[in-house]
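Order of writing sets the chain letters: A, B and C. Residues in each chain are counted from 1.
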Amino acid sequence: MRKLAFVSLLILTFVIAGCSGNASGTQEYPKKNIEIVAPASPGGGWDLTARSLEKVLTDEKLVKENINVVNKPGGGGEVGWKYLKSKDAHTLAVNSSLVLTNNLLGQSELTYKQFTPIATLATEWQALAVPADSKYKSATEFMEAVKKDPSKVKIGVGPGLGNDDHLSIVQAASEYDINPSKLNFLVYQGGGDVVTALLGGHVDAVTTSLSEVKDQHLAGKLRILAVSSDKPVEGLEDVPTWKEEGIDLVFPHWRGIMGPPDMTEEEIAYWDKKLSKMVETEQWKKVLENNDWEGFYKNSEETKKFMKEQHDLYQRLVKESGLVK
Amino acid sequence: MDISSFLDGLSIAVQPINILWIILGGFLGTIVGMLPGLGPATAVAVLIPVTFGMNPVSAIILMAAIYYGAMYGGSRSSILLNTPGDGSAIAATFDGYPMAKKGQAGEALAISAVASFIGGLMAVVGFIFLAEPLANFALKFGPAEYFLLMLLTLSAIVALSIGRMIKGFLAMMVGLALSTVGIDTQTGVYRFTMGIPHLSEGIDFLIVIIGVYAIGEVLYNFLNIDKQKKEKKKVGKVWFSKEQWKRSKWPILRSGPLGFIIGVLPGAGGSIASMISYTSEKQISKRTEEFGEGAVEGLAAPESSNNAASVGAMIPLLTMGIPGSGTTAVMLGALIMLGLRPGPLLFEQQPETAWALINSMFIGNLALVIINIAMVGLLVKILDTPAKVLYPIIVLLAFIGTYTLSYSVIDFFLLLIFGLFGLMMKVMDIPIAPLVLALIVGTDMEQNFRMAVLSSNGSLGVFFSSGVSIGLVILTMLSLCYPLILKLAKRKKNMSEDEDQVYKSS
Amino acid sequence: MKTLKLLMPAGLTIFSIVFLFASLNLPKANLGNPYGPIYFPLGLSIFMLIFSVIFFIQELKKLHETNTDIKLMLSGRTPKLILFTIAAGLVYAFLFEPLGFLYSTMIFLGALLFFINGPKKWLVNIIVTVSFSFISWYAFSQLLGVSLP
């Protein structure tokens, strides 16, 4: 027994020594393993984005260093991004419009300006859907009814106000001269619950990601009135865009990646090079297809500009939605 | 259903590689389910990277096997250590742990495995024949119906605390109060988060379960730690007696379908199913007074029910692409990554995939009952471990389990607070189950109530507007009045038959 | 010592009052009914207060009866064990991230075992500590892929 204890202690010592003995040469960035922060629990959208990045970058041998996905859920991304802020350039984090809205809604001190934009990777589109037997046959008909009496039309949204599902319809309403704060929302806990509520006829319409309702539309269980894309979506050519319905609205639900503050130009250039290659790979295209995402690649420079535009847009939408005064 | 796709599915499910995945997943799920805080959702989530390289059919089979494996495993620790691994295993502590204390640990483990097996099997058969109509039935559940279902669950568990009603109600209210922490869904207002971003998504009920049950139980056992006798505890036989089977047979057969139907409802799930089965069995039993003291049917019923519910939860996932529970939500995410999109088109476009999964559930349940019965002899050995070594290990597992929930040490402080709270509750003889279940259903209950009122423009009539809601109201009244009636009249038998009929007619 | 019974009901009463005031001070909603987020916690806190007071009175009436659990809780080394476990948990929380999983776990588990199981059984304690820390580290971080510090 005594021997066993000694041996296990010995093994332990070696293992620990092995772990801490990291070679630190003077080679270029990246000098050590890369960490991608998913500011959510395993299994969610951000987690899947982070893990897809890890897989494609590794499998295609674009990044030689090990890539680890770290889950830091909480506060709608806040916890993970705070963690990112305290790290060096070897840590990146997945983001989405929440990095803008958390601050605009007064829920977070962090702003997008405190991070280094790396890339915008993919987008989903937003859909407005009604039950298959709904009296609203088109998006304009629907908006007209809402305009007449906003309190009469129950709109399902989830999992919380201030997200893209909510704000996309806020923008549509405001383009149609409806006061968005008068809209009658029922807020469900999850995207799936919203669809159940619509199929069960408990709400008159829902605003959600296209992927949540696409199959149901194809199966004839509900009807999508409009999508927020700039041109009709492949496979859903019968569904008009908001623009085709005469409402000036293109609303991407984008996902991207950002780094901690003060990354050097050399480090940013590294990721521009790697990620621009990655988005061209077959494997990444497969990821996009499986998730019903669309390629939306913007490099660091474009992303910086895009974030600024998005910030101004969201600032307006959050105000119009009536969520903040 | 169509026979040829059924057979296609069967032939996929019996491929050796898939049988291997079923056994592996079932085994892993059982182990993970036993550990405090590590439920099926965590187990499936951490395996996502592993499934990346697999073909989608094998992946869904593996994930489903983990899911119901965890249902089997969750009650192991409930029975042996009074620490449920997950919400759906709470009901197994009520009679399972007293059985183990009476020296019937082996029998308890065996009957719970068999009950789970039968419940699961009934649910799979139900799945094959009733998937479509049940999915449509579930759609009828609007906010009002959900609110009433949650209310029924709460009243059923409070009614369990006969003789200490005040304490039962208090425990429930504390649970409800805890459930209000976090963002208010309807309005986006932050409630009681005290400026901690970590709390904005609410207090995870699993932390509370681990705290009050695992840590609380260990602390409570310190009260007698130096007085425990050295002699070996009796663990009884590893198989149950004929008498025990006779008592459990009908409860198992009744609870299976009940759990299955509740499982189909998105958001309800195993915790509610097992709780409702337990209370309804208690109320119609001739041996009501034995419940809570180690009545074998009080363990068999919820076990059958929660396993059936886990199968039922696959229905909305597969037929509509709608996850009905935390675990199925994670599964959905993983399947989409693999390019398999469950939903209304799945049965049309890839019937063999859907049927392979359904058939794998048969095989899986068979494998699991064998695994679990084989493990009985091994598991009861846990009770032979000296308590003074076992307790530190349980405490450690509780901490690790908590960390895996959200990778934050802030949860450790919550864990300790709830551990102390659990100790005080045990010392003061306050029932714990109402606290935990109120926390589990609290948010949904409040939000659904408000949505129901909002959607009917402020009228409360919405709670009496459908057959389902009226049935639920009647059941709630019955379960609340039950303890009173019990006091007034001892004519239990007549009563129970009436109630049974109400159940069926709802 | 008998008054210790009143600790829990008194604590719950105070909790209810705090919860009541916290509910009253909740921010009003900007969308929909401004009092929407407030009704439920407010009503709940009132009921909770009533029930806590009843609980308090119940215990007050039974003050002369001894609660054997409380007696046990305060006798022998039980209070020390409880406090030590809580304290060890707190220390573990502070060491977990700076020291990393393996070291902090060995300290935590070792401390608990030595305190609960007694230093006389040091060999068992060390073996369990080392093997269990290592197994759990391996199982969680290697097999299950949980990101541990």
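FYI, a contact is a pair of C-beta atoms (placed from the backbone, for glycine too) under 8 Å apart; a residue touches a chain by one contact, two chains touch by 3 or more.
Computed from a predicted model, the values in this text were never measured in an experiment.
J.: Check A-B against A-C and say which one is joined by more contacting C-beta pairs.
T.: Taking the two pairs in turn, the one with more contacts turns out to be A-B.
J.: Specify the chain with the shortest distance from its C-alpha centroid to the centroid of every protein C-alpha atom present.
T.: Closest to the centre of all protein C-alpha atoms: chain B.
J.: Report the inter-chain centroid distance for chain B and chain C in whole angstrom, where each centroid is the mean of the CA atoms.
T.: 23
J.: Quick one: report the Å distance separating chain A from chain B, using the average Cα coordinate of each chain.
T.: Each chain reduced to its C-alpha mean, chain A and chain B end up 32 Å apart.
J.: In whole angstrom, how far does the Cα centroid of chain A sit from the Cα centroid of chain C?
T.: 36
J.: Quick check on chain A: which residues sit in contact with 2+ other chains?
T.: 70-71, 161, 323
J.: If I count partner chains per residue in chain C, which residues reach a count of at least 2?
T.: 30-32, 147
J.: Mind pulling the chain B residues that touch 2 or more other chains?
T.: In chain B, 46, 49, 186-188, 190, 407, 454 touch at least two other chains.
J.: Which part of chain C faces chain A closely enough to touch in the complex?
T.: It comes out as residues 30-32, 102-103, 123, 126-127, 130-131, 134, 147.
J.: So in the complex, which bits of chain A are touching chain B?
T.: On the chain A side, the touching residues are 41-45, 47-48, 51-52, 55, 70-76, 78-79, 82, 105, 107-108, 151, 154, 159-162, 184, 186-190, 192-193, 195-197, 199-203, 211, 215-216, 218-219, 221, 286-287, 289-291, 323.
J.: Okay, in this complex, where on chain B does chain C touch?
T.: Listed in rising order, the residues are 43, 46-47, 49-50, 166-167, 169-170, 173-174, 176-177, 180, 184, 186-192, 218-219, 222-226, 386, 388-389, 391-393, 395-397, 399-400, 403-404, 407, 409, 412-413, 415-416, 419-420, 423-430, 446, 449-450, 454.
J.: Quick check on the complex: what are the chain C residues that touch chain B?
T.: 5, 7-8, 12, 15, 19, 22, 26-32, 36-37, 40-41, 44-45, 47-48, 51-52, 54-55, 58, 67, 69-70, 72-73, 76-78, 81-82, 85-86, 89-90, 92-94, 96-97, 105, 108-109, 112-113, 116-118, 124, 128, 132, 136, 140, 144-148
J.: Per the contact definition, I'd like the list of chain B residues that touch chain A in the complex.
T.: It is residues 41-42, 44-46, 48-49, 52, 138-143, 183, 185-188, 190, 197-198, 200-201, 266-267, 316, 320-323, 329-330, 332-334, 336-339, 341, 343-345, 348, 406-408, 443-444, 447, 451, 454-455, 457 of chain B that touch chain A.
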